[in-house]
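Structures incoming, each one as structure tokens.
Paired with chain B in one complex and with chain C in the other, chain A is shared by the two complexes that follow.
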Partner chain A sequence: MSRAETTATGPDDREQDRTEAAADTAAPAVRAPKAVWSLGLFRSELITVFRRWRTLALLAVLAGVPLLVGIAVRIETGNGGSLGGGRDNGNGPAFIEQVSNNGLFLTFASLAATLPFFLPMAIGVVAGDSVAGEASAGTLRYLLVAPAGRTRLLLVKYGSVLTFCLAATLVVTASALATGFALFPVGEVTLLSGTDISLSEGLLRALLIAVLVAASLVGIAALGLFVSTLTDSGISAMAATVGLLITVQIVDNIPQLHAFQPYLFPHYWLSFADILRDPVGWDGIAKNLGLQALYAAVFGSAAWARFTSRDVTA
Partner chain B sequence: MAPIQPAQYDPQWDDGGGEGRSRGRKVARFAVPVAVAGVAAATIGLVPALADAGDPSLPSLTAEQLLTKIAASHVQTVSGSVKVTTDLGLPSALSSGAASSLFGGGAGASAKAPGTGAGSPAAPQTQLTQLLAGTHTLHVAADGPDRQKVSVIEPAAEYSIVHNGTQVWAYDSASNQAYHQTLPQRQSGATAHSDPQDLPATPQDAAKQVIKAADGTASFTVDGTARVAGHSAYELLIRPEHAPDTTVGAIRIAVDAKTGVPLKLTVDPRGGGKAVFDIGYTKVSFAKPAASTFDFTPGKGVKVTEGTDQAPKNTPDRAGTQPDVLGSGWDAIAVVKSADGLPTGKQRNDSGRADSLLNSFGKQVSGSFGTGTLFHTRLVNALLTDNGTLYVGAVSESALTGAADAAHTAGK
Partner chain C sequence: MGEPDTGAARPADEAVIETRGLAKQYRGTLAVDGIDLRVPRGSVFGFLGPNGSGKTTTIRMLMGLIEPTAGSARVLGRPMPRSSRTVLPRVGALIEGPALYGFLSGRDNLLRYDAADPTADPRTRSARVAAALDRVGLTAAAAKKAKAYSLGMKQRLGLASALLQPRELLVLDEPTNGLDPQGMREIRSLVRELAADGTTVFLSSHLLDEIEQVCTHAAVMARGRLITQGPVADLSAGARGRLAVTTPDPAEATRVLAAHGVSELTAVGPKVTGELPADPPDLADLNAALVAAGVRVRAFGLERATLEDAFVALTGEGFDVAG
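Entry: the complex of A and B
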């Protein structure tokens, strides 16, 4: 058992007292207030996450999806033919039929295409790695040497994962917007209900959808963080999170299990499409956000319970 | 910077004495997520129960008074969400395709006479049959008899029918196709719902049709009160009378106490179990919907299929497929001789495929009429004899074979 850990695992109030006492006695002028100090930790954490090659590669893959979809649709419809050789009932991915007429729909199509697996997989990798990765690299104990407290470290880790959720979604959105505007005509947006809205309002709704998609990932981020506190191996935490995701997605698609499905975190993910209705259907969106908040609360507190009471040996 | 201080010696981290305390604290911390999950589960379980609790107490009404109230209701504007659940006990794989050919010809749903423009995925004939199986959410808006909009909410897609004056537009967002039809002037003023479909999309429509059909052949009683979509409502219970063969057990209609608008309609089968058909508002407002709701202009790149004037052209057409009706009221059996109403071309192919599908769940029966295949659902039964006559009705299987026998004897 390391000394560092002993320092860091005391009850939180004592720790804070100590931090404050140190700040008061030693260098009150130099020492920034606690909130700012947390931000400093958060910033350094963000830099660590976003400087990783792995993170950048994930973002690059995500940016490539809209490009791929856009080019495929463009080639298919380039000679005036309809998509999928005149297929009848629109069984393809959501919104794909509208893409060739309005580039903005590439944003919705890409988000609908990446939300089931690509995005949560990337989140699972980053979240699974957040604590377990530090542990397997042997850097966790050094993080705990700093008088930040485990709770605050965990919050900072979760914050950085959530920032990655937002960044990943925005990367998909931005790439889809750029591809869509470059390859397809853009104009008034026909909503699902057949009503037309102006392009600027359409863009606003696209932004809202991007934020909603990012918020849809809050649940799996918390789940990944919890899994990450369970093990000292970054790889196994990532694999477990992604495996859980795949399992849950499969369960969500088995009709016989419909009794459980409303409680599975991906169940309401596609509710973001309700933004494109007229009138906007908020029910599914509210259910989705509520479910994500529930997952964040349950697995966030489970991660806290595990992380603040475990032995850190690496 | 603060000097790095050596940590205090804390006996808790020694082996032995501190172990129990640490474990206790661990358990206490894990109690937090468990408690959060527990509270959430309790909330999920209790809130709907609390919301539904307690039927409202309303001044008691007789069935006649309630029927008068429905008839006197002049609410013309409505918007809201409707949930439709149909559970005929059909295998779900058969849902749309088979259901349309099963009920399309015989059940008296006149809309599905082989119409024009049926090839387009946006055509109402193609789309609305899906309502015959499973649970669907609709969004409806209406402003008088001339302007209505019904949207079938699908995951990440929507199918809308907009009726505005003589114009009927249908837009299917999944295939990005539209269907357009101009109604003749007289028809649009004549009936309350001149949409190209007669499937009821609102509880009002359904209740009107049922009450009209049940007049004189059923007992009407007021059966307590209920809360539907946040409104206090009376429950009207309709039970078929003098109809030994029908499979309909009872029909319940929840009528808004204030406006007299039917808010929910449920059809229970005689055999018991879940309701066969359930249509009700989950949200409703009687405010006038925005005029723009009923505007539709196809966006750029939307493929539009023009439906030709159905009404004048279909009249002779329909006479051919219009089923003969044996019996009356609840025991009525529709008879379709497919010899005269045989669909042609593409439609024949479609129904041929559906037939082979249907044969796999029908059962062979025989009688003095010969042999035939009997299709059984929880409400509607159908008998297709080998000489091509289809008997359909909300009646028991034996009543169907009996009718076929009788028809055979009479035909001799």
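Entry: the complex of A and C
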């Protein structure tokens, strides 16, 4: 329901933004000496996010994905015969065939499997709930009269959502590494371009990929935060953000709409596979990071413009 | 009522809250219609009005949560909402009931609200939280999850969050909602205690006797307008109070009292009431006169005009009629 609101208010707020963005660049000079004052609230925010049962459930689901994939591959290959090339989703590299040869590939396979939906959905839930959830619980008014400061609170909220992005990605990575090392042989890594690298370098690249995947979620995090400032209902903000994600993913897969696709936040998500080439292809990765930064700037400042000017009546 | 005027030592004309033509319009309806509110420093200020009269909207504007449509508000001498950052750390507030994180313990809730205040010293945080919990009598339940709290305990925790730091102004919106009579009494004595320390308390309520018991000043709102404000004594004593005599001889009593200048005499059953003259005679003489005239007096005394009388006189309606 708030999706309509988003499109309705989006352009206005972005208009407003351009003027207010100028004010924002001047503001850090005033805020800079107070950088320390945000740490206490940021810590408190992290505790609040990660102590929530829902957050832990999301992380548990994310941790379960590599485990399920690993077990499935193990069962299939255990029956004799390697995993056939029957899988061709045409969407990103097929890491999964390599998992039975090298457990490290379970990490890449799991990240590729969770990035299109599971990970961003989890981010959508946490980001969508960030402001709207506090508003519906009424705690927002007490934070604001504390006074948390609207800009400071929003920055802290975005910081905690980004931390969750990183935590979620690391949970998938860690679970995949553990499962992969437990169930499959591990050794030298054969890159997509055919060259071999040592296991330690392979691990390093896996970590780099995890960070890139986390960075790929910056855009949807900002989008979710913006949606969250539009409503006083945590549930509808979460639903709207996840709904937007699904819509964008669908649009990204309709060939007739290719003109828009380079501007959709998931468009370059699977570019992280280029890390597994020799030499590493940075082109797609740079495009992805640039797009995420653009989303963060646009929706971050839209969220700021909205949140600092709205009436808090809940 | 009977409270020492703790503001006496300070400049008498200093206002802690001052609004000029403060108004808020929601989609065409005026929730608050140009009010000029003035809360003197050191007072316990009762903010009265039926549900829906604009009290909470006014408080939200004072706390910088919503932007006024027109007019201005100054809190602790500074304009709101512009000076939120400097004003609000000196203000403790309970707005429209407590709001808590159910999955956090009572103590963790307070730690979070304290962390939100950039002026709060993190080194003294746990000590201040413990002191606030103790002050509202929640120490024993501090480790319990807030979702397991009763409404009264939530209310107390909300109050504790307003008391995390020494405050110059406390804004308490319906603080006794959901409390049992014992809890209400504790809150009242807490308010008196805070006021004695020099904190100005701005107390909104729709319970008249509550206001009458603790407040030095009061303002009355109805339908978004401020009907009156001033010291409670002035408000309730539009009259000096009525003389009431209970006697089995009402006719004779009426005659004697009229002879002594008591006006507007009415006799209902055994009870005779009337207005004392502008220059009232000694009540002991009056009583003696009654007895001398052979009137058997069972009870004799002044009935103080209640705030409720004043309210009904002002609005011409029962208090519980929503505006």
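One rule holds for everything that comes next: the second predicted complex is superposed on the first by the 270 of 314 C-alpha atoms of A that agree within 3 Å, B and C clash if a C-alpha of one lies under 4 Å from a C-alpha of the other, contacts with A are read in each partner's own complex, and residues count from 1 in each chain.
Just so we're on the same page, a residue touches a chain if its C-beta (ideal position, glycine included) is under 8 Å from a C-beta of that chain, and two chains touch if they have at least 3 such contacts.
All values derive from a computational prediction rather than experimental measurement.
Of the two partner chains, chain C is the only one that A:141 touches; chain B does not reach it. By the document's definition of touching, of the two partners only chain B reaches A:185; chain C does not. When the shared chain is aligned, chain B comes close enough to touch A:273, but chain C does not. By the touch criterion defined above, A:193 reaches chain B but does not reach chain C.
When the shared chain is aligned, chain B comes close enough to touch A:294, but chain C does not. Using the contact criterion defined above for the overlaid structures, shared-chain residue A:97 touches chain B, although it does not reach chain C. When the two structures are aligned on the shared chain, A:112 is found in touch with chain B, with no touch to chain C. When the two complexes are superposed, the chain touching more residues of chain A, out of chain B and chain C, is B.
Overlap of the chain B and chain C interfaces on chain A: residues 309. Contacts from chain C toward chain A in the complex involve residues 60, 63-67, 84-85, 88-89, 91, 93, 95-97, 99-101, 103-104, 108, 111-118, 120, 122, 158, 161.
The residues of chain A lying in touch with chain C in their complex are 34, 37-38, 40-41, 43-44, 47-48, 51-53, 137-139, 141-149, 152-153, 309, 311-313. Partner chain A is touched in their complex by these residues of chain B: 1-3, 5-7, 10, 13, 22, 25-26, 29-33, 36-37, 40, 92, 121, 139, 151, 153, 155-158, 160, 162, 169, 171-176, 178, 292-293, 295-303. Residues 1, 3-4, 6-7, 9-10, 18, 22-23, 25-27, 30-31, 82, 88-91, 94-95, 97-98, 100-102, 112, 185, 187-190, 192-196, 255, 270, 273, 277-279, 281, 294, 297-299, 301-302, 304-306, 308-309 of chain A touch chain B in their complex.
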